[in-house]
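Below, each structure is written out as structure tokens.
There are two complexes below, and they share chain A, which is joined by chain B in the first and by chain C in the second.
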Partner chain A sequence: MNKIITVSREFGSGGRELGKRLAEHLRIAYYDEEIITEIAKKSGLAEEYVKSIVERKTITYYPITIGRTLTTTFNPQLELSAKIYAEQNNIIKELASKSDCVMIGRCSDYILREYNPFKIFVYADMSSRLWRCRQRTPEKEYLSDTEMESRIRGIDKGRARYHEFLTGQTWGAKENYSLCINTSNIAIKDIVLPIAELFKTIYMISNDK
Partner chain B sequence: MDYKDLYEKTSPAKLFAIVTIPGVISMLVSTLYQIIDGAIVGKILGSTAFAAVHLVMPLVVINFSIADLIGVGSSVPIAIKLGEKDEKAASRIFSSACLLIVVLGAILGTILFLSAEYLVRLMGADEEIVAMSAQYLRIYAVSSPFTTIMFAVDNYLRICGKVRYSMFLNILLSLISAGLEILFLLVFHFGIEGASLSTCIGMLICVIFALIPFLRGKLQLRFVKPQFDRKLLESILTNGAPSFFNNTAGRITSIIVNIFLLRLGGATAVSAYGVLMYADGLVLPVLYGLCDSLQPAIGYNYGAKNYSRIWAIERICFSVCGGLSVVMTAVMLLLKEPVVNIFVRAGDTALIEMSVQALSLFAFTYLTRWISMATQSYMSAIGKPGQATVISLSLAFIFPNLFLFGLRTLGLNGLWLNTPLTSLIAAILAAALLWSHYKREQKEAFAEASKSSLNHV
Partner chain C sequence: MNKIITVSREFGSGGRELGKRLAEHLRIAYYDEEIITEIAKKSGLAEEYVKSIVERKTITYYPITIGRTLTTTFNPQLELSAKIYAEQNNIIKELASKSDCVMIGRCSDYILREYNPFKIFVYADMSSRLWRCRQRTPEKEYLSDTEMESRIRGIDKGRARYHEFLTGQTWGAKENYSLCINTSNIAIKDIVLPIAELFKTIYMISNDK
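Then we have the complex of A and B:
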């Protein structure tokens, strides 16, 4: 069975960078946006739309009939969203069966549970997340700190809700992960090596049993 | 169907036609039976029976809403489990939901059966109506454990890809019920119980037809041993609640309105209001069908960030709804007598007069009703449940009840004016919400320009 690392992360915690560097260090495949692109290709839906479904749960249906009719209601959005969930599931499993890899987000920790992956959760305090976001935004910046902060919280909320909606587990609850790491005031590149070593050690131990 | 092509490339006008025409037709077909039912009861059994039916209908719908709640609520986790190819877990949720509906149907049916007379008397009806209403309601109550599941099983058929079959069953339901009703009332001269009996038998037959594919084990969902846990019940409740509250809030308002009607004008007033509601049933399905069937296309383009396309589609939707509504208002005002005559016996001058007067005020509802409806549908499509709920609750519950008390001094005219005024205020509220949403979107779009790079953190 292939060795899988999954990275779940708070927005701006450097989780994506950690995943990428781990993949480079271990010389294994790395999947992130590729998953979305692949879902879009296979389902024939726009990439932006797939992203909007995968990053927050939007399935609740509000029928506009106010109950005067006996007509049965059916959720028209459910059909498209269900198609995306199914594709996401297929693609993540397919990629995992190809080779060892690092997967970023998209509930891969839950979907690949049969592989018993090494599940990392990356988090950080708000000030260092703000700092990381600033590092990556261009000079011309319209967002104030508070605006940026509310955006970060909004994205996290979407991730949490989507995760809980699909898996029934609480996003970020320690019992669902192999390693939770606080990256506040830490340069990601400095922790790649020890995490890679930890991954190898744990993997070896669990395979010996 | 290739959604991408339809939603992204087809010209907005063509998309509008392709999506809404079947939506409107299926909405009309499924409500057509109710109109026929109203006409048969009113014409053959007379205005007392007509009033009795209108008095207890809210209770019948509330009973059905429970099944709808479980059906809508459970189809989300079922669809997810099917997506994971975990057919066992999906079947387990499906079977649990079905069992839950049967059990709740039995409990609610028992309550309704025992309290039927008491409830109608509590509303203030006289004994003749109490007896008729109870007779009518008890047939629904007895069949409740077996018929309510119709409202859930429809969802499950669609999840399993049996969309055509589910639509066929909906049409079949209308046909069987209408056919039986004509047979029972016109040929066999049954009383009021014939009206509910025909609906219940129709539903029973369709439930059997709907369950056959599941029982034969040919679908992804099969009947297995049910298993309940807290998570499942939670998920059913959260996913089904909006639909449920929408249904019940409107019905509770109907009950309160009926109490006022009985006090102010007795059975005749209840019948006149019933006429309004049936006339409403000729217009609203068209608007519902238009707005509701556009939801997936709007939701898709919003997710795909094709904002100019949404604008193009919504512009057509708003103009068609608006134009249609003006026409409907004019038709209702010009054809007051013919519309009333569909549901009322020719000799019943008191009721005809009252209904015509009521309709001449009520018809103005349509001038503004479409604004809140189209806005609510739009908000719901783009995933803004908060705004959609505010509009829906104001329309179905808050404003009508405020006007009930506020317009007390106007007597019956106040009641006929209730819906037009509710609809006007709701339209203003909807327009305000739409405006603030537009402003926020503009600001967002401005920030978006600088955000794109944030996606890669």
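Then we have the complex of A and C:
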């Protein structure tokens, strides 16, 4: 059975960077936005729309369908969301069945539970998260600390709600993860090697790989 | 400033073993029962009594004082507890000031916060904790799984209450730790090296040590 690492993370905690670096270090596949692209491809829906559903963003526009007609039903919005969740479920399982990999978010920790994945949760204090967000936000998109903090909390609220809705579990409750790492005042690149070693040790993967 | 590792743990999660092995691997001091012994020495109280206070056990006997007389006050029990907490605080700080070390429990993560310690929380699912407890319980002290589970939950409840009473923080809330590690179905000896490496990486300790 393939060895899977799932990374769940608070916004601005550096979780995505950690996942990407772990995949590079371990030379295994990495899936993040790729999942959205695949869902869009298979469902014929626009990527942005799929993203808005799986990230529980506020939907401000109507879905663009490509090459198919939407059947008008009682609640097309609900039906589409259900379709996207089902598609996401299938795609995550399909990707996991191909090879060892790192999977970012999207309830993959729960969806892939039969693989017994190494489930990482990444979190940090607000000042570190603000600092990280500042590093990657273009200057023209200036937000005050209060606005940025409010955006961070909003995104996390969405993630928590999405996770709880699909899995019935509390997002970020340590019991649901193998490892929870606090990245406050830490450079992500520095912790990749020991975390990769911890994963290899627990999963008894030869160091020769 | 000395580098400190504090280990907080659910009962039966293997946290004490992890702390001891980390100290051995890193060749630094290890403090656990030693703290109780020191408090007893300095306060003139019996070790078992000190232990019952700092572990919030039910007290079934009256303290034995050695070489000093107890002044009768309004609430001698409360006064003694306060004295023990103060003594514990001093001793933990004194030990931390001596050298790098691993400190098990006793709110050392909070007491030593000015050292910015590497704060580990160790937890595991109930079946792993039952299994670990069985390994170390003498056969004559046989308890059913239900009894054992009830004892485990009782001890953790005491730890949580003690921690919250002294620190105002929620025991086990991941925000208060650097790393939370789930030791379900894991041999503690296997994870010592990568966790020691993580500590050394974060605290920029040379690997030559």
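The definition used in the following text is that the second predicted complex is superposed on the first by the 183 of 209 C-alpha atoms of A that agree within 3 Å, B and C clash if a C-alpha of one lies under 4 Å from a C-alpha of the other, contacts with A are read in each partner's own complex, and residues count from 1 in each chain.
The rule is short, and it goes like this: a contact is a pair of C-beta atoms (placed from the backbone, for glycine too) under 8 Å apart; a residue touches a chain by one contact, two chains touch by 3 or more.
What you see is a predicted model, and the numbers here were worked out from it, not measured in a lab.
Student: Quick check on the superposed pair: does A:Ile181 touch chain B, chain C, both, or neither? Answer first, second, both or neither.
Tutor: After superposition on chain A, A:Ile181 lies in contact with chain C alone.
Student: Quick one: classify A:Leu78 as touching chain B (first), chain C (second), both or neither.
Tutor: It touches chain B, and chain C stays clear.
Student: Once the two complexes are aligned on chain A, which partner has more residues of chain A within touching range, chain B or chain C?
Tutor: Touching more residues of chain A than the other partner does is B.
Student: Is there a shared patch on chain A that both chain B and chain C touch, and which residues make it up?
Tutor: Looking at chain A, the two contact sets are disjoint.
Student: For a test of understanding, state which residues of chain A touch chain B in their complex under the given definition.
Tutor: Interface residues on the chain A side: 11-12, 14, 16, 44-53, 56, 58-83, 85-86, 88-89, 111, 132-133, 136-138, 140-143, 147, 151, 165-166, 168.
Student: Applying the document's contact rule, which stretches of chain B touch chain A when the two form their complex?
Tutor: Chain B reaches chain A through residues 2-4, 8, 27, 30-31, 34, 61, 64-65, 68, 71-72, 75-76, 79-80, 82-85, 150-151, 154-155, 158-159, 170, 231, 235, 238-239, 242-243, 246-251, 277, 280-281, 284-285, 288, 291-293, 295-296, 299-306, 373, 376-377, 380-381, 383, 385, 388-389, 392, 395-396, 446-447, 449-451, 453-454, 456-457.
Student: Using the touch rule from the top, collect the residues of chain C that touch chain A in their complex.
Tutor: 121, 123, 125, 172, 174-175, 177-182, 186, 190-191, 193-195, 197-198, 201-202
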